[in-house]
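After this come two complexes, each holding chain A, first together with chain B and then together with chain C.
== the complex of A and B ==
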């Protein structure tokens, strides 16, 4: 909600502002919902001035309509699909992580969520030569692991170069996370830092650990912060054409994603990881797309089986 | 007495493309103008997909190259508050729908080049707006007057979803003031311009039956402000069916009880 302030347009002078305040109009919202002719009576400001202010306020604070064709042509040029480093999951996700989308990885503890993030991190920094920003809320990030994964792919000489394309921030609560996201947006719109102009992937591992502490107790505030975070992540993804990858825990013994009904609507795509043993007793991971806006349901029911096999160059398998 | 310009009068009284025949399994003869339809459901029940389906029917023409498509040749204003609208998905839906109309492949291949430019010409009939707060949504809706005045082909307004800012407003102390104004603004837009409104509302609040009667469990949780629930004339509730991939749609005021599934080429009713 924006306050009506002097200087917004030439008609909005000190006296006009005061007169409007007298009539009980302080914000842009209060102003636009009132009938102009009524306002003339109440505030004594001239009809012409009020109309001029109304036009400016509407232009200033409303969203700009885009023609579907323009959106389409710009989408064709700006959307990129980032490889996750795990071919079977790429197939499952219809190519990989899409820029402009929020993808969530959910699964129980130690199912390989963080390893999956590392894998994406490496493949974006190494293979596509784009920047990755890693926001770590639970202290699980280690650069050595990234280096190990790159080395395991026989790209040892690329380790230093690839790691310069990854930036890491430790955030300890939701407020720091929101602040960080705001900062990223600022950098992205300034475009002075080379790192941010090639930023294609933002990872938040794990959202649940910053949201849990604010939920419960005075429940409502937590839900507000949760919606705020969800919206912010999506705006970052859509406005700057970035792929945002987040991890989340599961509740009720792996049956449902944690954080409840409000959060369940937030991501564009959700990938569910679960653990089981195959017929020979070796542990395997099942990956399943449970939410997607671009696939039909039949496709989302397929699962990819990821084996824990030290011999394959699949980074998720190597060290999970 | 408010005055209006000649252009406004024309926009108001001139005929906008009719929506008759849109999705007969849900609307029978077609959705009525000046009416608000709400699609309510949990995550992943196909509310947004249903809107995409409506968009594609609206922006396609009735006939193209002697092919009967059955579209409405109308313009659509789509307000995305969820930041989930995917234009590529819409383009794909349009393409699949057109492909399905051809009898054989040779016939289709001869039209392939035309199809691309045809889909682009259809996308011109869509206006997309994104809103990031309830204040932004309110002011955007008020400024829609200008768009509706200047384009008499707009018959439909869609919002996906109206509940995006619910918790934000609740916790920032704005509470229902913006939502009340939004409802009033939508109401006057519908009345003045004779358009149809489709909105989605997510089931973000658990429904509790207040009287504690477990037998009459409510289908929906009416957690928004009273003005909103009074404003909605017809509410379609999307219920996922546990044993199949189908979704049940129920509307008590329209006597609708049907089911659909989301397939490769969009929504399919049973």
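== the complex of A and C ==
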């Protein structure tokens, strides 16, 4: 909510504004939560004027109700399910990455989080021919690997075309990340750039490395920044109907996803990756859905066994 | 276009944020057409800082977009294909890493004492200087030493062997380009192009990392920054573990920034620690904890098996997990050779260094 300014409505004149300010009312927010009769006494502005201002302010800042059927039909037309490039994870996620949702992948070091992001990148850019924006906080983006994955699928001639559909940003702190997200929103509402009008997937790899430096200690607003980031990511996903994919670390011996309880409410779907050795001693990866808002409990318990291999077409291919 | 970005998403001091929101300044739009004096009067923030806030919020908008254009993955691919690698003089290790230690990435070598982490760092600090005529990059190196394990005599050995190796190639091929640069490529020149910093505690290390961008501006040919080791000062005298995590992650961010902005390779070494598991035997894992594991883009674990040294590529965004043997000779890091025929690449006969611990 913004400050009360002269010119917001006809009743809000210079004198009224000053009077309200004298009474300690500066923002629309403060104005709305105050009792009108109380305000009349404190500021000396007439009851009629205050009611008029109140009506305008409420109308300006309220959201409109939507009929459930409308929401449903618009959902049917706007929701897209993007393939992740790994069939077994697709089944685990009920088809793949949903637009309008925030999907998080958590796991230990070298478990394949970034590889999973690359895989999604390639399948969205190459198979569905949509744009991908990659926000990289830990400098691990490697275009060569993307090209390798595409080449391994025998689509060598598509490499250049697919890679132009992927854009990359190096982000070094939380403020830069927030700025980028704001910029993406601006571009999306402008709809002038061809890239942004076909943008379907935004990847942030990895959220923990920009949030760790501001959490705890003297940074009193670290938690505030964290929830702010969560809010912004959700707005991007839900309001602009984009699939947002983020990666996260694990804390304490790999049992818990890091960033705590507050953050655990942010992603719609959470996928947990872990590595182990199979009977033949080869390293394999397990994927497990630990949070989901559209699957029943029985399904979330399911685990997919995947393997990371550079030589096979998929970076994460099915083992069993 | 209305800019409705919230002011609290800007790097403004928390105390000023409270004052701004108290006075009704919540989004960027609220600060448009406001003079610093007005802002100062309304919020109680002093004039100078009001000006700073306004320039930060409004001034940055146009400029930053111009200086930071969007890059497509294709541009990055071209950039990657054009950028050279720093070789390690062990072909097997190089091919495991996809050609050597890459620029614009952070590479971490972990291992127990005496495995050759410092040797690897010295080798890279010398190899980064191999002249372009020999397929090197003729760069300089920054060497940050925290443990005091930088032994200049060893560096002289490695530098001599490398210069000798290049000399052999030059006289074999008789290429005028090579012979010409050989005059300047001597052991002395190699040593003079390694900038050595000694850090006695973590505060010195952190401040050094902060000052590096300025140093790199003055020395634009630096292509390698070595920190040997990153773990040493962070493994003792830390009561507040969350402070340690915070310092380490922000230092990691500085390293990545350094690597990408100045397009150089950052090489870190890390110690090993014992992880005790319930019901299982304990094993060695890299120190500094789980969150540090994400700091480096490429992680190589060096370990002994019997009398053989092995390098294990544990984490890499582009190469597959692999294990290769290597050895340390007087001349530095080398491949393990099964027959003498293959060893003609080296200047001296391979003499395996005894394990010191």
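Convention: the second predicted complex is superposed on the first by the 308 of 320 C-alpha atoms of A that agree within 3 Å, B and C clash if a C-alpha of one lies under 4 Å from a C-alpha of the other, contacts with A are read in each partner's own complex, and residues count from 1 in each chain.
As a convention for this text, contacts are C-beta pairs under 8 Å (C-beta built on N, C-alpha and C of every residue); 3 or more make two chains touch, one makes a residue touch a chain.
All figures in this text were calculated on a predicted structure; none of them were measured in a lab.
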- [ ] Classify the contacts of A:251 with the two partner chains as first (chain B alone), second (chain C alone), both, or neither.
- [x] second
Open item on the list: Contact-wise, after the overlay, does A:169 reach chain B, chain C, both or neither (first, second, both, neither)?
Closed with: second
Open item on the list: Contacts for A:134 in the overlay, against chain B (first) and chain C (second): which applies, first, second, both or neither?
Closed with: second
Open item on the list: By the touch definition at the top of the document, which applies to A:19: first (chain B), second (chain C), both, or neither?
Closed with: neither
Open item on the list: Per the contact definition in the header, classify A:234: touching chain B only (first), chain C only (second), both, or neither.
Closed with: first
Task: chain A residues touched by each partner, larger count belonging to chain B or chain C - done: C
- [ ] For A:224, select first, second, both or neither according to whether it touches chain B, chain C, the two together, or no partner.
- [x] both
Open item on the list: Contact-wise, after the overlay, does A:264 reach chain B, chain C, both or neither (first, second, both, neither)?
Closed with: first
Open item on the list: Let me test your reading of the model: by the given contact rule, A:190 touches which partner, first (chain B), second (chain C), both or neither?
Closed with: second
- [ ] Name the residues of chain A shared by its contacts with chain B and its contacts with chain C.
- [x] 1-2, 27, 220-221, 224-225, 228
- [ ] Note which residues of chain B are touching chain A in the complex, please.
- [x] 2, 42-44, 48-49, 59, 77, 79, 82-84, 86-92, 120-121, 123-132, 135-136, 138-140, 142-143, 146-147, 161, 164-168, 170-172, 174, 177-178, 181, 184-185, 202-206, 245, 261-264
TODO: Please give the residue numbers of chain C that touch chain A in the complex, ascending.
DONE: 1, 3, 5-6, 8-11, 14, 17, 22-27, 29-30, 64-65, 70-74, 76-77, 79-81, 98, 104-106, 242-243, 245-246, 249-250, 252-253, 256-257, 259-260, 290-291, 293-295, 297, 299, 314-315, 317-321
Task: Complex contacts: residues of chain A adjacent to chain B - done: 1-2, 27-29, 32-33, 35, 37, 57-59, 61-69, 71-72, 75-76, 79, 220-221, 223-228, 231, 234-235, 237-238, 261-262, 264-265, 268, 290-291, 293-294, 296-299, 301
Task: Complex contacts: residues of chain A adjacent to chain C - done: 1-4, 26-27, 108-110, 114-115, 118, 121, 134, 137-148, 159-160, 163-170, 172-173, 175, 178-179, 182-183, 186, 189-190, 195, 206, 208-210, 212-213, 215-217, 220-221, 224-225, 228, 232, 249-254, 258, 283, 308-311
